[in-house]
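Scrolling down, you'll hit the structures one after another.
Next come two complexes, and both contain chain A; in the first it sits with chain B, in the second with chain C.
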Partner chain A sequence: MSCATNSYVSLPAYKGPFGAAQAERLLWRAGFGPRPGQAKALAKKGVKNAVLSLTRPAGEKLVGPAPTDDKKVPIAPLDARGHELLWWLDRMVRTSAPTPERMTLIWHDWFATSIVGVKSQKLMLDQNQLLRKGGLGSFAELLLNVTKDPAMLLWLSGNKNTRLSPNENYARELMELFTLGAQRGYDESDVREQARALTGWRGYYRQKTGASDFRYEPNLHDTGIKTVFGKKGNFDWQDACRLCLEHPLHPSFFVRRLWSYFIPTAPGKKTQAELEKLYRGKYQVRPVVEAILQHPDLYRGPRMVKPPVVYTAGLLRAMGRGVDSTRWVRLTLTAGQRLFLPPDVSGWDDERWLDTATLRGRWDLVAWALRSVALDEKATGLPSDAFKLLTQAQSFWHVPGLLPGTRKVLLDFGQRSLAAKASPATVLNALRQLIAISPDLQTA
Partner chain B sequence: MTDRIRPCGCADFSRTELFRRAAASAGEGLPPIESGMPLPAGTGLSRRSFIARTAGLALSVYGASNLRLPLLDEGIAHAATQANESRVLVSVFLDGGADVLNLLFPAGDSRYYELRPKLALSPDIGVPFDEDSRLRWHPSAQAFATLHGEGKATVFPSIGYTSPDKSHFTSRHYWEVGATDATARTGWLGRFLDQAGRADNPLQGLALDNRLQPALATAKVPVASMDGPDRYSFKAFGVSGQTEARMLEALGQLGLAHERASDKGVRQAGDALAQSYRLRGQVSPFGTGTITSPVKYPGDQDDDFPRRLASLAAMLAAGLPLRCVALSAPGRYDTHADQADELSDGIKLTADSLLAFQRDLEARGLADRVLVHVWSEFGRRARENGSLGTDHGAAGFGLLLGTRAGGKMVGEYPGLTSGLDSEGNLKATSDFRGVYSGILEQWFETDAGAIIPNAGSFARPKLVR
Partner chain C sequence: MNVRRSAPAVALATAVACFVSPASATREIVVPSRVQVVATEFQLALSRRTIKSGRAVVELVNYGEDDHDLRMLRLARGAKMLKIRTVLPGDDAQLRATLAPGKFVLWCSIADHRKLGMEARLTVTKRT
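Here is the complex of A and B:
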């Protein structure tokens, strides 16, 4: 593995102990949590090689049983309602290359497109493949591909944006959400002029005939002179993207947004500047991700609440269970993150995953995950000892240690339940549920 | 580049800030609760209704464990003295920028037909708006016309603010925080609750939704979100009876153990657990499927909006201590294309549901306690865009509904000639911050100046009778 890391030598890299705990955090931040034993194995590589093994996987295998519905019938991602979500969730659960998959999730949030507007599972999955394929490559290329992607054209009216009737929908979000940030370096006139530059794409989706006619038609393009960010020219859609990327405020937006998916505290000024330097003019995603994943802040800083879908996939990975139920569609929605259905084009609010509604959604997720392995309440052969039952529940989730506060509450629960003649099987079922809903497993 | 443009080098980093959005947090900074101390429950049911209901599901959860009843009693005693005095504000959001030139369309303005050759509604449909003969109600908004005819609707035909922002997220954020301030972190209703609310009552600010609504974001007191009181239970397979009740206790104890943790991630999770436990205690007397309404609501079981309104009326009837409630209306209002199809169904279900809610409150004798505020982040461009849709505009549509609503239009319809700004958008004839101030003063009888920045600079319409 060749390491092109010398271009960011001035960025700090984590030098502290890198054991199973640190490797596990890395696997949650850059993927969907460890499979049993994976954190220990990754820790042996040391931080740098651990990161590179994730960002530059040799290949990809899907490990485990293929996805089915509740009747063990294979899923139909293009037709059956909700199965597009199951298809992706299954990849998160089974992939041997979690970081490219996690990047796909990041881009789905960044270029948040909703099936509500697109109305086609096929187009949503086409976009999903596009995001996966370009996820660690060039952001410039990704931006061009997203701009002309049929799902995006439908979602933000790019297909309705023509010379005679410009539509500002995509132009505005291109700057506000995708490249520059709200109120950063553009005004209403830039929105209008960028909309003109972006004219020329067409296409539509009809329930009966499907996606048709997505193409660039020069006749629909406005060939007049536009003024964007103070520059004049006969700009077209590619120029519109390029002008955003070349805008002096783009690198700072890019770095801050990308960093925020991995680390919950702000980068220091120097780190921010170095990351911008690493990115500016090259637009390569992978080196920036690799620098962030090796940064001391990731290992030394506070825990992050796992996004609901990451939490779900992680539960299934830990259990060695595949996707075998359509219930996940509804459950991930109530937990606050139904794939392909972001709340709006700005994506999910990653600082606000938990409230009383989504917490209850997570509870139901856990209950459903545990349903098929729930012990009969009268099951025998279990110890009548709270310590031993807690140890069993921890090894079920492969959690060697718990926060002291969590441990005390769970032991207390076990002891009091057993004292009141509850069956050990019932107590063990409850302990599995409680460990999964504890802050220990909801954060990493 | 102008000097207004600057890179964000702010010390306090957040994606939320990057997108100008308020982060609703459920009660950061609650007063400390000693470990081992029983959890506050604070159900607002009157003793009688509680006893009547405990015969059902609640008893099996709380009665069996024999742990919680004294606490519930305390909560009841407190809430019973308060709840019936409380006025309730219900905030209904039309997401995406609702087109006022469609909802209340200016059939009597000839410019309308020039600007909207394809989208303009015909002057012979819908019913006339009797406070301005130029305007007519969208046919799907008949229920609003009905309420208006009964004097139970105050209409804002062109509400907004100066220097309007055309971004959904920025403009919505302004409305949510009650100020044109991109960095504000608490909602306008959240700040009211921080002053008037309690440390142990998450229901005081309730989002009837799958997530919290930013207008309710508080700095001090807890707020809550849930899909419905009949859907807020915590079950696990292979766990029942007393162990189930103890498991729920343990969930609350996990919250208490971590809600003041030094690690922010752990604290967020602990806080959510503690608040969920408290909320569960408050709504536990509602078993599953126990909500009945004296009136028929439109739509079917899949329609969240009417179902949530029906459950809201039932919660109020049960005496739960609600103060501010926020929910989103059905429909997609960001009608860049194919507006006629996109708009009608959503408006109809919204208006019909709100009329049913009003009738429900009237039947239960609660109508004088509830005011409903309907809003959207902006209106649409006056000129249609050629995709059979409209782009983002400026001033838009608003309503206050209820028997106590003033019933008189606030601000006039400005017309499409001199009433448009340089970008072809409707000029605002009323300011949302003045409306908020009026609601705070006239409905909640509190000092708006402490909640809305520069409250004194906005005109106060008469909103409450």
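Here is the complex of A and C:
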């Protein structure tokens, strides 16, 4: 087996062939898929440099047309419902630094916060910037910033947590979802005591601007002695976070969860242990992400279903199309992932992206993406040969090869459609749609 | 008469039905001023306090648990009241209007919601 140890402790690094196919998988897992030609160019760097070019981009540029609504009017992320989603989707499509943007999406799922509870697009976008800024830095710092983030304070009632009326919402999720995992190393007493430690944050409602003026008010903080994980002290909100990070079960939770965003199978015991070692005490995200992205399991393991928003951004990147319609708001919702609206505080279920409803949603999504470039059914100059039409459809999506099963079904479909007197243009339109909805493009 | 269609024919028909030639848009683009009004019990929160005069889009989003509507009146003699219909919880609606410079008062006209606090002010400044 052609593996070697990478520079991070003694983790294995992928040393097999690294061509366009492997680079393409990397671009999907660590970003939003390749732009035309990008996978080939990335492959030339070799796996290690390819990964580092993604995790340590020199800068960021937004490439392509700025986002608009259907009437070509610039979007209004603060003032129009759904436009906050379009603003973020546009970044995914146009960014030259996809990995920091993908990390933002991962943290949005990890610290899942919903606009339904926050009720402010500005606060949701402020949180989004916070996640982007700290996405590849220190998890300890990110956790502190998220804990006092106004959107999170509203979402998990941190702004209602006072010494006279402790609220356990954030304390519970801090341990269950953000740092330790359900029923791992804490009990109900720790939840109550952590809630006391977290008291003191407050936000005020201002007429005209809504919830604002979030701040820590010492007189609302419970200054009594708390007992958390068996330790006693006059803990405050920063201690509450620190105690979770220093908990012996935190590194295993962190590694397992972060790994699951990139690789669908669990890490082996040795890999898990080495990644924990890399992370423990330092809390740095980037080295762990870099180690995962170089791991042989990413390149040799099974394919992974693309989250609906990643899939959508990828389609647009492949087509060279920008965000030019508000339709994406509804389409991504029906496909199962409306940004800023996770189903609950535990985020989206990354193992259940596809069902009969969301697959239909993906179908509609592709149809909308292709609508503006559909060929007239009477278009001339096209081959009347199913094999050539399929090749043209593959070129449209920049897909050099298809899985054998997909190829057989599509060729059969093309031949039967032509035999049934469908025009070549109609068949080509259909093949573009069917390739995009096939397992080849739904997974990477 | 029932006509059975082959699987490829159905897929083809479905795929083709998705494509309609887009209308070409060559007209001049006018960017309207926008403000979002979030209604909850019993408050109105504006995404901005000031917008420019001229074409505007006022959006009411109901994140509350009750129905809410929006009334909007320029504080000037003879000004016409602008209205957004009742919006159900979770829903939204928009008002497109041409706004003259001035101060506007906005409120929810349902039951005693205004008295309970659902009132806000918006300033419209002259577009330069």
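The criterion applied here is as follows: the second predicted complex is superposed on the first by the 430 of 444 C-alpha atoms of A that agree within 3 Å, B and C clash if a C-alpha of one lies under 4 Å from a C-alpha of the other, contacts with A are read in each partner's own complex, and residues count from 1 in each chain.
Heads up, the rule we're going with is that a residue touches a chain if its C-beta (ideal position, glycine included) is under 8 Å from a C-beta of that chain, and two chains touch if they have at least 3 such contacts.
None of these values were measured; they are calculated from a predicted model.
In the superposed pair of complexes, A:352 makes contact with chain B only, with no contact to chain C. In the superposition on chain A, contact of A:44 is made with neither chain B nor chain C. Shared-chain residue A:215: touches no atom of chain B or chain C. Using the contact criterion defined above for the overlaid structures, shared-chain residue A:416 touches chain B and also reaches chain C. By the touch criterion stated above, A:162 is placed in contact with chain B alone, chain C being left untouched. Once the two complexes are laid over each other on the shared chain, residue contacts for A:61 go to neither chain B nor chain C.
Once the two complexes are laid over each other on the shared chain, residue contacts for A:15 go to neither chain B nor chain C. For chain A, the partner with contacts to more residues, out of chain B and chain C, is B.
When the two structures are aligned on the shared chain, A:231 is found in touch with neither chain B nor chain C. In the superposition on chain A, A:264 makes contact with chain B only, not with chain C.
Within chain A, the residues touched by chain B in the first complex and by chain C in the second are 116, 367, 370-371, 374, 376-377, 412-413, 416-417, 420, 422, 426-427, 429-430, 433-434. Those residues of chain B that touch chain A in the complex are listed here as 1, 4-5, 7-9, 11-16, 18-21, 23-26, 95, 165-170, 182, 202, 207, 209-212, 224-227, 232, 234-244, 246-247, 249-251, 253-254, 257-258, 261, 263-266, 268-273, 275-276, 279, 332, 336-337, 385-387, 389, 391-392, 423.
Within the complex formed with chain C, the residues of chain A that make contact are 71-74, 76, 78-81, 116, 119-122, 205, 207-211, 364, 367-368, 370-372, 374, 376-377, 412-413, 416-417, 420, 422, 426-427, 429-430, 433-434. Of all the residues in chain A, the ones that touch chain B in their complex are 116-117, 156-157, 160-162, 164-169, 172, 176-177, 181-185, 188, 191, 229-230, 249, 252-253, 256-257, 260, 264-267, 269, 272, 302-305, 333-334, 336, 343-346, 349-352, 354-361, 363, 366-367, 370-371, 374-377, 403, 405-406, 408-410, 412-413, 416-417, 420, 422, 425-427, 429-430, 433-434, 437-439, 442-443.
Put simply, chain C touches chain A in their complex at residues 6, 8-9, 11-12, 15-16, 18-22, 25, 29-32, 34-36, 38, 40, 43-49, 57, 59, 61, 63, 90, 92, 117, 119-121.
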